[in-house]
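Encoded as structure tokens, the structure appears first; notes follow it.
To keep things simple, chains are lettered A, B and C as they appear, and every chain counts its residues starting from 1.
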């Protein structure tokens, strides 16, 4: 499996964020996106997911399911956590599992992976910022999807939680998954490449 | 796909029923508007009987509109909509589910509340079954259009005001045929039933068009 | 021609040549049409001189409806062909259509006073016209409310297309409602067959209004294209600062 981007052009509000971006990420590989604010890290993740359709160029998941879009084979963890404060931790996960047509079988495991089991019956409104982020990240373990698109996943996490996220990511990569992450922290994955937006997009794409 | 539909409806109904969900607010608003009519117009029983179906429909329409603003706002702001956009079910299904959930938590309880309030307006009791039926059917279209308006205005400043301006013209046919189907006119039973049929036709059209338009608007807003 | 004008600079150039021709032509047709309408056409045997309000009222009403349909078609072309000027044309047309609607309502009220003895009756046509004005206002409000132009164009397009689906439904429902409530004895202006000595000036007036629409649309569209360019230049400046 390989995620292939070819000649991607991204425009936001009539301004070109980046142009002619081509790269590929193979199974078991992680690509870390670095660069200053406004460089296009979030735009790239969103255009791979299909949320912000690219102005030009193609995104293809080689060896994936051709019947559905790349976005439907990807997890996108954005800045917002997609949590309902009125629902309990377990209810939040149960909803996303049902919405994505996944069984309830993995809910316990997903909570365990981000150390949320003890918090399961409590309303999400009561959680701290870091706990909410963990609940958002638990979706990664809840529903199996080959591509993970993570936008600053470690925001608000303590050291122990970052460690759990690393373990989750490592097992995903070991299973042949693909990760693209915009992050300033070195997550120390075995097969990790860095894509730096700091250099002009045209050079970086070469 | 039906799994996503059912899951979303169940979640939205649950959210609406919990504290701050807004079902109570919509019902209270309905009550207040209906009570305002005799206070504004006077307690003349014969006149109230004449205006009762129209007054009830205006109250229903305003109550649905009042609760329209909240349909997508939270899901848009907390990122849920982005996750839904990447689900296996297309956004059109999401839009349909949101509208149906809104109907279950707004149109349905309002139509159930209608009979006792109708009696306060001295409504002709023989009209009640027809009016409840018309309100149940008509409010489905009201919810579908309200959800479409909510999708169009999600994430905009003063979205609530804009919804009213956009959706009220679309509510006019529903108001006219809804009141007619409720038997307000002297035209008799045949007229009421043809109005009911037209009301049904508008609902069917809304079921097709509103989720399509709502999904297109959501995609544009998520960009 | 259609695709040729997709390029904004080319559009500015071509429309720059077209406008000095179109504007005087519009003025000339207007003068001739209203010479026919106000001087040559005979007064109505029933309505007297007040019938001349029709020469403003009818073209304004027709254009009011026509411009809304034009907007919807322009947006459909914008969705299907992704023609960069289609959405801008719809946006440029909206205020013109709204003003035509207001003219239609005001002249209708002025006509209604001598005919019906009141400025406003809840006649099916007047009511539909009023609802059309609401549709215009909603459409323009959407353009104002959405900051980002691409998104605004999409959202406004949805509003216009849904609106145009609803126009016949609204018309039908208002007519149904009207027949239930309205005593049918009212004299309906413009309802009877029109004599040729009135029809000819009326058609000229319609033509004059159509030309007026074309001229104003072109002026608005040029302003819109220039405004977009200014915005793009500003964005480029902000982008280079980053």
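Going forward, contacts are C-beta pairs under 8 Å (C-beta built on N, C-alpha and C of every residue); 3 or more make two chains touch, one makes a residue touch a chain.
Predicted model, so just to flag it, every value in this text is computed and none were measured.
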Chain nearest the overall Cα centroid: B
Greatest separation from chain A - chain, by CA centre: C
Chain B and chain C: spacing of chain centres that average the CA atoms, whole Å: 31
Distance from the mean Cα position of chain B to that of chain A, given in whole angstrom: 37
Intercentroid distance (Cα basis), chain C paired with chain A, Å: 48
Multi-partner residues of chain B (each touching 2 or more other chains): 223
Numbers and ranges of chain C residues touching at least 2 other chains: 150
Chain B - residues contacting chain A, complex: 3-4, 6-8, 10-11, 14-15, 18-21, 74, 77-80, 82-89, 222-223
Touching residues (chain side chain A, partner chain B) in the complex: 49-53, 68, 71-72, 74-76, 78-84, 86-87, 91, 95-96, 98-101, 139
Residues of chain C defined as touching chain B within the complex: 131, 134-135, 137-138, 141-142, 145-146, 150-151, 154-155, 158-159, 161-163, 165-166, 169-170, 172-174, 176-177, 180
Interfacial residue positions of chain B with respect to chain C in the complex: 148, 152-153, 156-159, 162, 165-166, 168-170, 172-173, 176-177, 180, 185, 187, 191, 195, 198, 202, 205, 209, 213, 216-217, 220-221, 223
